[in-house]
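First subunit A sits with subunit B, and in the next complex the same chain sits with subunit C.
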Partner chain A sequence: MTTVPPAAETAEVTEIDSSARCSLLLLLTCAALWLVLSGVLAVVNLVQLTTPTFLADCPIFTYGRSSALQQSIFVYGWAANSGLAVALWILARLGGEPLRSLNWLKAGTVFWNIALVVGLVGIASGDGTSNAWLHLPRYVLPVMVVAYGVIAMPGVLAWTGRRSPMTFAAQWYAVAALFLFPWLFSAAQMMLVFAPERGVLQALVAGWFVQGAWTLWLAPLALAPAYYLVPKITGRIIPSYDFASLSFWTLLFVGAWTGGRHLIGGPVPAWIATIAVVSCALLLFHYIVVGVNLRAAFSANGSTVLRFVAFGLGAYVLGGFIDAATAMRSVAVVTQFTHFSTAQSQLALNGAFSMVVFGAIYFLGPRITGRAWPSLGLIRAHYAAAVIGVTGLVLALFGAGWVQGHDLNDATVSFATMAAHTRPWLLAATAAQAVLLFGNLLLAAHLFWIGLAKSAPATGLFQSAPTMEASVS
Partner chain B sequence: MKNGFTYFLGLFLALALAWTGIVLGSHAQLGRLSPYFDENEGKAFPERMAGIAARGQLVYQDLGCAACHTQQVRRPDFGSDKARGWGDRQSVARDYISQAHVQLGDSRIGPDLANFGARPLAVDPDRLTQYLYDQHGGMPSYRFLFDERKITGERSAKALKVAAPAGTEVVPTHRAEALVAYLQSLNNVYEYPEARPVEPAAAKEGEHK
Partner chain C sequence: MSDPTPKDPRLEQAGATDESLLAAHEKLLGRKPDDGAHYKMLPLVLLFVFSGLIFYAGTYLNRYSVRYDATVFDENGHSTKGVAAVAKADPMVLGKKNFEAVCITCHQATGLGVAGVYPPLAGSEWVNGSEERVIRIVLYGLKGPVTVKGATYGAVAMPVFGKVTGSGYNWNDERIAAVLTYVRASFGNKAPAVTAEQVAAIHAKEGDRKEWSEEELLKIK
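And then the complex of A and B:
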């Protein structure tokens, strides 16, 4: 099996890229706007943790609601829109044909985002369901399932209509994310919102859904571009395709079983937590293979795209090991119910997912618009802000969580003292989140700039790969 | 991975197996839990939630209180739940069977509320109502759950003892009253057979721990 994507030997910009320009830019623009909004709310939430009076009199911004809004905007606004745009483009390129049913794609995007807006208004006005990652009210959920299916359709058509019967790792991950999310999402809706399970079974379903949404949807959406971009930019083949396949199936089959690690010690059967520990350990195989197979990303210099991807991959693998460590009961007794868990999800979402997708956006932007990025400086500034922001945010939250966990376990420490102990860490996290927000604003501005530019220069100028690259050299 | 059908089947199995294991597996174990009838007391536990408390649970849900408060007590040797006075025994699945929407929570920025109704703050509804109005430590005030209105005739018996402009009073809305009733109802003290704490030291030779 050849491991160099087939588009490499042809011109850099083809009909495959330019035909999808409007549809993909629509998805990406929505994604960038949601990313900025979620960043603003994340700053608000962190400020509220140290200054509880901040916006407290406004029911929309009471901490419980605004954190639900922030989470929903990040997952269903930024991650869904951007991840799908990147996955569709990769499937089109590897399939060797332009995307089909693009009008459906646009309609699906519009419906998905309108449903999200309605859902967010619902959460703000008190219709939230208070389920992690599924706060959106019941009246928008079915629309979102259908809209997702419509958006995913061009990707499925690109997969079934591909020119070569051979498939690439990037395709496996992308198609898995397209297929699995609607199943997972609708099953969780049924068992949590429309016909809720009884008692603690709700918590078990919620744990399964949140973990599944990460391992069966967002992680594959991030790994698809990683597996596409690393060999394409470095020109080096993936060291072991057999292991890539094994690692793919490990993620899919084992991933969702790790959801029970958040329920250690809770009123659920003990085997749930035990299976989660075992699954977390098994899943390390997947993380190691991803790290080894894509290690070329870490040694490549010159390409800013690869730097984003390398940071994301590093965060992804590191996150896997931290998940496994905190699934142990002896570690969970400190980290459970603290900011430590928040830090882990931030590492996964902002560190792994977002960074890889940023890299992919910087790679595909010039290709679908036919223009080079207007400013290399903006891209470098975004990279710097994202690295400082994510690192600072995650480290500060880890620190806050560790302090909080030890304080919680000492019954003589009051909650007021605990708040005083975590305050410096949370202030640092707020600052880091603000830096991250600034970086993401740069991305949004840049995306508008390249998208709205009126006169696209002749694509001939950009036919060679190096000019398309956001390269530093 | 040339075979599309095998690939598709694999995707389906990946999702279905985890669902079967986690959801159906625990459903088989816990799905038929019934209230426990105590003949000495002549009633079944957990008791049904009163109507106003059930409405209060919806307020708890829509304000997202679970973002900071858990409702699950872990066993005495795991964390400081018992030492902090959050409950004498660990929470068990049967505690939750009558709740429409279980709010286990996954963050303890504030204290656990599984047995909040038994604590001094919750015993007096007026004090708890006042607590929600004021700001305490890390918990913001929830003034939007209260109405400031003109006093017509006599001052309301529910009016809070707070500084309000002359001729006005601050009274809790129905939502605040429901939330207070819900918080007062949180109390799982009944000791089910499965909830008796395990005594690790009591194991003898030839006996399972």
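And then the complex of A and C:
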């Protein structure tokens, strides 16, 4: 049951959107550029796995440095910028007031990205550390913590200054991501870079940080738009919404405890791996509830945005189940420390996070610029490339990891044989990564196109949205 | 690029206003649980799933956490915490600790005892002699007169230390072995160490018995 209210009060696009145009476009443009750059490096890295001589004479492009660059660019360039832009916009929309301290936001964005550039130059010239997701050299890390705080501030203000005391799941996840990342990031910096722990503890902290940055930062940054977009576009209430808060707190409490799953089978006390196995199993509840809550995304035909979101949600839930399965010790014996783990993180980052955020970008783009996306064909081509790229990449790496894992467990298989066995899988992964890069180039081009075009008040474009009824469906 | 119509997929019209979206979901949360006792399957199933996962997690944690031991890397291994950890300790350290807690009261820190009352350990033929005798003395005690280094002592009995009926100490075999090892290597004594196995063997052979007398001990070589 829907009724159409008077247009003036419930205009779909208001000052909330137009005032944030410049700041959000700045974040998104940086994000898209980083995404393309990270894609190029990802292709280079995959080529090097099958052709080790490729660019091997250039120190910057040796595998150790270029894969560190690629990882840092993806996480701190693409994911941070785009995830924050989307989270801030959602907090402003649901808060009912335009974003405040926008000049701070722009300054924070500039500092964050300049620090990242300096850090990347540092990695390329050999200053990088050996910690996954924390390769950036020590001299940029404190700047990045402060810059993050400045970028997050408008979001916090939108949350504390929201017009109504009511809250919605999308806001919980967005606010959690804003607050949890500085904690994870600064704690990991202290324990890995500035006052490094020794021995087993170091590996443990590194695992905790990588897993925490996913479960407590990037996953909430993706879930916030997912929880917002699905009911917003379908106009239907989220089913079993009572469980959303339980699912949220399960993620927050259990999420970082799954960090030990990166160390199963490694030289750590048995109980650390056991806790990780148990946490991965408990986290299944969170994934099940997310799937149940947002299942409308899968049946929404005709919505381009929800197609991206549905793929992302599918990857997210599937990834959760695969994490739990590979945490089982009997499976981990094969999959751990192989390409299989890479496939899991690609499924999470390129499959779940990126796809949901792409959907959000396509939704908010016309609202903040006041223009329709210039080309539907570009959006569809991006979707097709992303789906083919992610599916191909993840399946190929799963295959490579499985073969590699079995070979590694057989002492009679030589390294050369192993490389030969994984070669076809890795070639397929390289091709898929190239398709993914092509799709992301389309997004970057499209974003420039809509961003550079003259903006107009979007009021005429959008119809007044119907009111959602609180009846239980 | 054409002018968009309201139905244009490039715009993605909204299906609900933000305010009504907030209000509708807030209303759901305030709802009484299960209005009118219409038990729905899905919430029940979710609760069962959650309980099941917690049950599995608890069981698995209990089975494979190896008592959160930092030194065990195999989830099927055994914890070395508690009793077993004491066994691994250096017998000289453990022996000294026990000697200073108990034996020192009579035999003194110098191991010289008190003339006429408590016999000396330093240079004692009993301490440095056969393990068979000295183990029996500590395990079961010694009552009655005893001659040490030419002097006779008999005023006070040596208490029972082993896990024997009527023992006030109930020390296990490892502890007795450690104290004996310590005493036989201190105060100028240079007798070989005593192992827990030796103590256990004598303990098993003699079973539960009363204090020894000098006469009985001298029959044992």
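General observations
In the analysis below, the second predicted complex is superposed on the first by the 446 of 473 C-alpha atoms of A that agree within 3 Å, B and C clash if a C-alpha of one lies under 4 Å from a C-alpha of the other, contacts with A are read in each partner's own complex, and residues count from 1 in each chain.
By our rule, a contact is a pair of C-beta atoms (placed from the backbone, for glycine too) under 8 Å apart; a residue touches a chain by one contact, two chains touch by 3 or more.
In this text, all values refer to a predicted model and were calculated from it rather than measured experimentally.
When both complexes are superposed on subunit A, subunit B and subunit C fit side by side without a clash.
When both complexes are overlaid on chain A, the residue A:323 reaches neither subunit B nor subunit C.
Once chain A of one complex is fitted onto chain A of the other, the partner contacts of A:240 are limited to subunit C, with no touch recorded for subunit B. In the superposition on chain A, A:281 makes contact with subunit C only, not with subunit B. Residue contacts after overlaying the shared chain place A:409 against subunit B, while subunit C stays out of touching range.
In the superposition on chain A, A:166 makes contact with both subunit B and subunit C.
Once the two complexes are laid over each other on the shared chain, residue contacts for A:262 go to subunit B alone; subunit C is not touched.
Once the two complexes are laid over each other on the shared chain, residue contacts for A:17 go to neither subunit B nor subunit C. Between subunit B and subunit C, the minimal CA-CA distance in the chain A superposition rounds to 5 Å. Under the contact criterion defined above, the residues of subunit A that touch both subunit B in one complex and subunit C in the other are 166-167, 245, 267-269, 275, 329.
Across the interface of their complex, subunit B is touched by residues 48-49, 52-53, 56-59, 62-65, 67-68, 126-130, 132, 135, 160, 165-167, 172, 175-176, 179-180, 183-184, 187, 191, 196-205, 207-208, 212, 216, 245, 249, 252-253, 255-257, 259-260, 262-263, 265-269, 272, 275, 329, 333, 336-338, 341-342, 404, 408-411, 415-416, 419 of subunit A.
The touching residues of subunit C, counted against subunit A in their complex, run 1, 4, 6, 8-29, 31, 33, 42-43, 46, 49-50, 53-54, 56-57, 60-61, 64-75, 77. Subunit A contributes residues 2, 5, 10, 12, 93-94, 96, 164, 166-169, 231-243, 245-246, 267-271, 273-275, 277-279, 281-282, 284-285, 288-289, 292, 302-305, 329, 362-363, 366, 372-376, 379, 461-470, 472 to its touches with subunit C in the complex.
By the touch rule above, subunit B contacts subunit A in their complex via residues 1-2, 4, 7-8, 10-11, 13-15, 17-19, 21-23, 26-27, 29-31, 33, 60-68, 70, 72, 74-75, 78-80, 83-84, 90-97, 99-111, 135, 137-144.
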